[in-house]
Every structure is written in C-alpha cells, then in structure tokens.
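Next come two complexes built around chain A: one with chain B, the other with chain C.
And now, the complex of A and B:
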C-alpha cells in the first residue's frame, strides 16, 4: 500500500491545467460577448460589461438569430430521435437476432469507415442528392443528413448497451411469452435508458454543432446556429463581439443538457452491467 | 400437466456435436434430475425442451405433442434460470405477473394469481420490492414464483441453487421438493450436484459428453451403477476403485483388500476386473487388510478417513467417530454384500445384481488385444491391474497417478504391505 499511495497534489495540478485548457476559450468567448468591439480589438484587460451584443443578436430587426436557434432545435431534436430509434433497432437486431457473424462484422466495419469520412467531403454529394429529390433548403433534408451522419456513432454506442443486457433476461421474457418487439419494449429498453439518454445527448450535440452539411443544405430560412455564427465573419467586417455573443448563446442548450443529464451520461457511458 | 418425451435427440454447434442421441422419458408429474459434469450438455438439452435452442435431429414431445417446431411461448413450459434472470426494473409482483400481463389477463386476475403464488412461496411482504433489494434466497423464490403463477405443463430448472450458499441450498432444496409434491407439476431439473439429484428426484438421468450414461431412481443408481462413471459420480465421497483380477472365484488385488477365501466372483470366468467399494461400505475391521491413515476429517456426525492401502488411495466413511490419527496403521474391510465389479476395458458393470446382461471381462471374451496386459498382470500382480485401473479411471476423468503418498505423511507405505499383496497375487 505504501508504495502505491502518492500525494494527490501533482494529480490535481495536472487536472487543473487540463480544466484551464478546456475552460479558457469558453471564458474568453463569453467575456468577448460582453465587450464592445473597440474594447476587444484594443485588448483591454479590464472592461465594463455591456448587453448590447446580446440584445443586438437576439432582438434587432436585422438579426435572424432566434430563427436560427429554432431551426437548430428542430433539426437537432428530430434528427436525434430518428437516429437513436434507428440505431437502437439496428443494435438490437445485430446483437440478438442471430445474424451470421459476417453480416454483422461487414455492417459494423462499413459504419466505422463511413464515420471516418469527414462530413465536408460529402457535403457536395449531400447537396446534389437533396436537390435531386427536392429536399434542398428543407428541414427534412438536413434532418435526414444529420441522422445519417450520426448513425454510425449511435449504432456503435447502442450496440454496446444492448450487448450488456444479460441474454438470460431476454430468454426469460421469451419464456414468459413475449414476442421480439415486446422483449425490446418491456425488457431491453427500460434497461438501456441511460444508454439511450447518453447516445441521444451526444447525437444532439453533434447535430447542433454540425456546420459543413448544414451550410450546403440550408438557406436563410432554414439556417442553423453554426451557419448563422459563421455569417458574422463577412468580407469587410468581422463582428467579433456579436459573434462571441451568439457563440455564448449557442453553448446554452448543450450546457443545460449536460448539467441536467450528466448523471445519465456518466451512468450510460460507464455502465458495467445491468445487474 | 404433461410428460416429456425425448427421442434420439442430437444437437450440433457447427461441427461440434454436444448431444449425441439422447433418449429420456419424463412421466406426467415426475421430478427428473439431469446430472453430469459441467459441459456434458444438460443445459443444452433443457433449453431444447424450452424451445430456446433448435433441435438438430430427433424429437421432443410435450404432453404427446411433438414440439420441435413450436415456439417457446406455445409450449406452456416455465423455466427458472441459474442467474434467476429477474427483470431488474420490475417489482417482485410485476416480475411474477409479467407473463400473465403478456397473455392479456385482466389486472385483477393477475393480482389474484400473483398473490396466491406469493402466498405459497412466502413472498407476500416482498411484492413491492425490486430484485436488487432482495437476498439471494428471496430472488430464487421470486424466480420460482414467476414460473408457478403461469401454472405451466412443465417446470424447467437450470442449476437454480448453484448461486446460493450451502445452508440456503439445503433449505431451498427441501422447499422445491415440497413445492413439487404440492403442485405435482412435471419437472426437469438440471444440476451438476449429485446430492441435489439424489435428494430431490424421482428419476435421475446421468449424462456425460452428450450421452445418457444411465437413468433410474436414485437408489437404483446408487445400488447398481451401470458403469464406472455412474458409480464414481453418484455417491459422496466417491466410490473407491481397486484394480485386480478374478481367479478361481476370488478377487485378488494389488493391496490384498479381500480375504482369499471369500467367493465374491461376479462371473464364472477369470480375468482382470475393477472392484468398486463405496466409502460408507468400508469399515475398520481387525480381520481386514492393513492401511495407513493419511487424513482424518471429522464432521461431528461422521468421520471421513483417507487411507493408503498398499499404494491405493481409499476413502472410508464411518457413521461413528473414529479416534484414529494420520500415520497410524489400521485394518479395513469392505461389506462383502455391497461390492461392485467393472470391466476394466469398457468400464461396464459386471455381475449378477445388474439388471442388464453385461458382457464378461474383456479377456474371457477372447479380446486378444487385452491378452498381453493380462499376462503382465499375472507376472506382476501389482502393476498390471493398477495400470488398467488408472486407464479406466482416466477414462472417467480421475487422474490417480497424481497421488503421492509422501505428500500426506513422511513415512511412506511400509514394505511389509507391499510384500504381502504381491505375495497374495502370485500363483
């Protein structure tokens, strides 16, 4: 024991540095949102906070930010629901419906490959596909695209959660007379809710942050928050402070979700077994 | 209620055949135990009855209906799993009522049947708890409750007590037995513990490597094991095996266990045999042979003594307290009316009190390949039969050559004993 116990101080220093690295840009961004453009560009350390950037972004007639926010929420929520439902069914099927193992392996390998392709690489393909079927500049197009982009990760996560449910529970349900959909609904699903929650949150955040595909598939009416934030950087002027204010506002949903559901995420991602 | 018929059932996983033609008949209301070492295919067979595994060939019938292609939910059987498999997110009442809910019964009838089952199993105060708030024994009872609320044709148990501590296991054993006597539901019970099988079952099916070695009532198996495997598997501690030969209706062994004049030959001809004696049929007897005490285990009600008799390790179980100590030399003798003989080549039982007609020992049947071995055994009374014994024991999974007396005590077997037994064996 003696040899194993180390002073916690070095560990805490390392953790503090890591935390600082993660938090510093966020603090800087939020702070920038409360400055004037001049104060920011002059690099003042001490400044008087102003609300003008936020009110400009939120309420000014020329700003579409609230619309963008609504768009992001619609796309994020619906694509997440679609993605997680499909991923859960897929994971259940792959794990429990006695596919030949090569089918499952090829399928999972393909999702992995697809996941490694940067979304930007496929942006133009998404655009021409959406235009062919008349879904450009619609929520449906972007929702389908986001659900598809997130599916590989969601399937991998859900496959892990489904696999953790002891097979005997499923067999017990079968012996109790449950059909496959009922096994899934009454036994598997209640046991993997933390996993579903964790996967949903991650999927939502990825959709919320996705930029390249959203940029190609949307126009003014359907633009999401990342697209809108990028628009602050224009040819002749970069509106740093309004951009920072928008970014700070964009962080809110993720922050709220993480705070509320942190328990679930940790439980979901570290869940050893359903005992 | 219904009987279960298993006819020439086989099961393969890819190229591996885990069940190689099993025939078992379970009568209506009978309690049948499937026993055998781990990996012999008991669970596989049980799961095939349940419908959780497909049947590669052969036929399984429940209540006279062939169920090979009937899905589990239409077989009307209930299964209790080794891990209990309680739904962790449902209360005890919900766990027990789940099958009824799926069957679409009205809520009040579900409640009524659940509470009746809870009454039987003494689960009333626990109905609102979650499985994680229960002890192992309580979980086990809930698992049984889940099976009995359905009032199925057949109960299937897969090692239901193996996760409980020893004391609880004994009391649950009695409880399951009492439950069966009360409900009279046909039961197939898988266990690797022969004591469980002996105490609970009407009929025991002993399996090994995907085959049935013997089936019969517990006492039949104890009194007339069909082969060395069953003989060694049933009974605790295990039966002692001694290699030797039959000459002129007398058994002669390396350790001279048996008196020369006792006519115990199970068959007419001479030849190599293996003698089996249960530990409880050995006793300290001044007319017996010498043996050195290696280990003495007292349980209070009985004494188990591990002995070295002329180089063969033997176990003796006495119902009384023996005051012997390790290193001491004692004399032991068997109960001559309760000896078992086995053919060293096939391991099959020899002799009159077997209900089947057994072949004689291999060399009397003119099996030439055995002849050289026999000659060796005649020349050197000690090594020949002993070698065969160890081969036969190895065939049933016992490695006797690992036994090293010097690990147990310092003096080693006295040369006197050796000389005596060799002398007894030579013509």
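And now, the complex of A and C:
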C-alpha cells in the first residue's frame, strides 16, 4: 500500500523469519525421514541420507502403508466426486430454482450447526449406523461420512460461484427454450468450472487429512494414511525415523496441489469464509 | 461462513415473474432432483444420527454378537455429566485452548497479512509458503511436532541447548503440555487467518489511504483509525470461523499427548472419543455428545446475535 514511503527491507526480513518458522519443522521432519535412528538421536547436523526408512515404510511385509495410501486415494476421490456433484446441484437449486426463502434459510442454518459439531460426536452414531446396515469397515461408509463432513463447505463455496454467473445469460437461454438441466449443463457449468475445481481440490485435501472419523470407521484393511501414521505414535517403542518418512509421504498431495493449483486453493479458502 | 447464508437466499425473485415461463410440473421435478440429494444426505447422515444420539443418551447400551441391547437409563447419564471431572476438565481445557490459540493466530495472522500487503515483490512466494501448514493433515502436524518437541533429539530442545538453556519435556509435563498444543495449533492455523486477512486487505478501498497520507497520517494512525475499522467484518468472520474449528480439535491432541499428562490436555473431542471407543459407554458418550452439540448451538446463537449488534452499530 505505501511501499514507496518506507523501505520494505525490514518487512522482508520479518517475513523471511516467518517463512523460516513455517518451513523449518517441515524440512527438519522430511530430513529425519532420511536419517538412521542413531543419527537422529545423536543429533548430527550433517548426515548421510539413507533410503531405508522409506523402503521399510513402503515395501516391507509388515507395513501396510501402500495399502493405506491406495485407500486414502479411493476414499478421497470418490467422496470428493459425490460431495461436489451434490453440492453443485444443491447450490444451483437453492439459488436459481425459486425455493421459498425459508427452505434455504433453514437448510443453510442446519449445515452451519452441523459444521460446528465435532465429528467425533457423530462418529459413534455413524459407527453404530454403519454396523446396523453392514457398512462397517467398508469404503462406502467412510466415503459417505467424508462427503457429508465436507458438504456444508462445498455448498457454501458453490453457492458463491453460482451467484457470480449473470442471471441474464440464463434468462436468454430460457427464452430460447432451454430446459432446466440444459441451463445447468450448458450455461452455468462451463462458467463455474474454476469454482468446481477449487471446491474439488479442497474437498479432496480435507478428506485426505481427515482422521477422527477414519479412525472409528476403518479397520486394518480400510485404514487411511492418517490412521496409519497415528499407529506409529501408539507403538511402545516409536520408530521415529519411519514416522518421519511416512509423514513426508503423507504431505505429497498437499505439496503437489500447492505447486500446481495454488490459485484455486486461495480462491477456495478465502471465498468460503469471506463472501 | 455466516455471510454465505445471505448469499444463498434467492435474491430478487421477481425478475422473471412477468414471463411466467418457468412454473410447471417439470420445473418442480427439477427443483427436487437438484436439491433432493443434498437434503437426503443431510437428513440421513446428520439429522438421524443426532436424533439417534439423543435417544441413546437416555439408554444403557451393551453390544453382544454385533447386536445392541438397549435398556432405559432415564436422566442418569446427564446427572453423571455434572459430576464428571474429565468432562469439566475437557470443557475448560477446550475453552482455554480455543481462545488462546485463536487469539494468537489472529494477531500473528494480521501482522503477517499487513506485512505482505505492504511489499511489492514476493507476495505470491510468501503466500505459497504460508499456505502449506493449512493443507497438511492434522495427524502429520502432530507427528512433526512430536519429533520437534522430543526431549532427547527434538529441534526445540537442541535450540535451547545452543543458547545455554536446559532441555524441557514439553509434552510430558503438565505445566507445558497444553501450552505446547496451543503453540502447535498456532503454527498450524495462523496461515489460515493470514490468508483471509490478506484477501480482506487487498479489497480495501485505496482512496481512503491516499487521503490519509495527504493529511499526514502516521503508519500507526493509519492502522488504528483506518485499516482496523475497515477490517472489522473480516476479523469477526475469521474469528468465528477459527473458533469453531478450534473447538473440534482432536488430531493433534490424539497424537501429541492423548489428553495427558493427567487431564492437562483433555479436550472435549478426546473425552468423547474415549467414552465411546475406549470405554464403550455409548449411552454416557451420547449424553456428552448431546451436551456438546447444545453448547455449539448456543455458541452459534451468541455469535449471530453479536454479529447483528455490530452490524447495527456500524
């Protein structure tokens, strides 16, 4: 704002320190994944990187990490598709299809209350429901749970994006005789594709990161990555370097998303709260 | 969050009414087909489970052969709640945790956003770095800090050693355990506040600042009399948003301290988890969940009325 009146150099120093505080723990942990347990305990500053932790975590017979990784991808992708499709339809419907305003008000107030409830409070109810209908320890149960957990945020985001589409375009299409599904598919959807992308990326990341519900609804065969990492900390003798290696692997999606889609994440994170 | 409610309500419904093209059975069908899935999911997976929790909170539940046996317990679970020291410890710790962590995040996030908004080069670079913790799984944050705060080899104690201080068992002593979890949460979520504040600062009208500069306002005056008042809506929204998430804290506590030592980091989510899944007390856990849900709804009502009041005065 007033970059010319004051030298920004002190600001850059402060920001560089902040950046270091953010980055240092992450880099140090990733580095710990390349150390031997002895090197970590000795606290050597210079060390010879080894692959053994990663190969142990990924390929060892006693480790399920690759399975956990696959499970997280399955649950993340499918719950994101379900969540974003349902949220987009819902946002379109409440915004453009003339629901009485009390319907939208009550529904959105409820999504807000639901968003505030700790997932653990619902996890037990979901657990016993899943048990009753035979969905315990299945992907279906966890996919439904994750899609529901992320639905409020996805609806709010998609509502912002749908509202940004000028009504005139839609009206013109209707004048030309387009039906409701045609309007949605050919007029609205092409214009909100960036919004759909932003919402999908965030939903996937939140599903990937979710721990409490995954912990309660999964067993050995269906456990996701966070559940697997928590197991390390529960061990009597913690394998610190392997924990660091699996933590590094679990951060990969976040890093990829940050590198290729930062714009969408910023859009998603800010629009949902500010607008 | 709160503002999005307003954005969803159908605005200006009268625009197309004169044409009367859209009303009919087809229209009604599509209305339900588009809204139905979301409604069905919310009813089946949030309303029903909460009703189930409410019902269960008056029962004793025992599982045998995969089938529950339910017996009536009346209000005993709710009575027990009032004398449960774990619950009161959880409630107190959650409040301390949430307000301390969010206060720290707000102040630091605001300072960082202000700093980034004043530089001309490197905005995207700093923003990219600061976003990273938001995207990392909470459980990985827990793992990172379990290593960082380790008594023997953690970087924190190593750094203390360099300046000649004694190493400290951060997570293992009851005086610093909650503080450590608060600091980890500040590390985790300050970037989120930063991001929202930066977005807010970038949309402030620039002419006001130019006018202030013409009148010779100092940087402090500018911050205190212009930036902060203009940012109040963003500050309130961010505060509410973060507070809600802070009340749900679970992952980091689970990994870092598991509520210990003693009850020093016992937080609501963790207490709930233990009642249900470690001790298998579904009835009592449900009563606790209902109490937490009630508190959450109460908080929302307070927040909304506070928002209405500030909206009325400004």
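The rule we apply is simple: the second predicted complex is superposed on the first by the 248 of 275 C-alpha atoms of A that agree within 3 Å, B and C clash if a C-alpha of one lies under 4 Å from a C-alpha of the other, contacts with A are read in each partner's own complex, and residues count from 1 in each chain.
Here, a contact is a pair of C-beta atoms (placed from the backbone, for glycine too) under 8 Å apart; a residue touches a chain by one contact, two chains touch by 3 or more.
Every value quoted in this text rests on a predicted model; they were computed, and no experiment measured them.
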Applying the document's definition of touching, compare chain B and chain C: which contacts more of chain A?
C
Could you look at A:182 and tell me whether it touches chain B, chain C, both or neither (first, second, both, neither)?
first
If we overlay the two complexes on their shared chain A, which of chain B and chain C does A:119 touch? Say first, second, both or neither.
second
Determine, under the contact definition given at the top, whether A:174 touches first (chain B), second (chain C), both, or neither.
both
With both complexes superposed on chain A, which partner does A:211 reach: first (chain B), second (chain C), both or neither?
second
Quick check for you: in the superposed arrangement, does A:15 touch first (chain B), second (chain C), both or neither?
second
Just to be sure I read the superposition right, which of the two partners does A:191 touch: chain B = first, chain C = second, or both, or neither?
first
Which superposed partner A:144 touches (first chain B, second chain C, both, neither)
second
Go through the superposed model and pick first if A:166 touches only chain B, second if only chain C, both, or neither.
first
Shared chain A contacts, counted only where both chain B and chain C touch the same residue:
171, 174-175, 179, 274-275
Complex interface listing, chain A residues touching chain B:
166, 168-169, 171-179, 182, 186-187, 190-191, 274-275
Touching residues of chain A toward chain C in the complex: what are they?
1-3, 5-6, 8, 11-12, 14-15, 18-19, 21-26, 28-29, 32, 40-43, 85-87, 89-99, 101, 104-105, 107-129, 131, 144-145, 147-148, 151, 155-156, 159-160, 163, 167, 171, 174-175, 179-181, 184, 205, 208-209, 211-212, 216, 225-226, 229-230, 232-233, 240, 243-244, 246-247, 250-251, 254-255, 257-258, 262, 265-266, 269-270, 272-275
Touching residues on chain C, where the partner in the complex is chain A
1-5, 7-11, 13, 15-16, 21-22, 26-27, 30-31, 33-35, 37-39, 41-42, 45-50, 52-53, 56, 66, 68, 112, 115-120, 122, 124, 126-140, 142-148, 150, 152-153, 155, 158, 187, 191-192, 195-196, 199-200, 206, 209, 213, 219, 234, 237-238, 241, 244, 247-248, 250-251, 254-255, 268-270, 272-273, 276-277, 282, 285-286, 289, 292-293, 296-297, 299-300
Okay, in this complex, where on chain B does chain A touch?
50, 52, 72-73, 77-79, 81-83, 85-89, 98-99, 102-103, 132, 146, 150
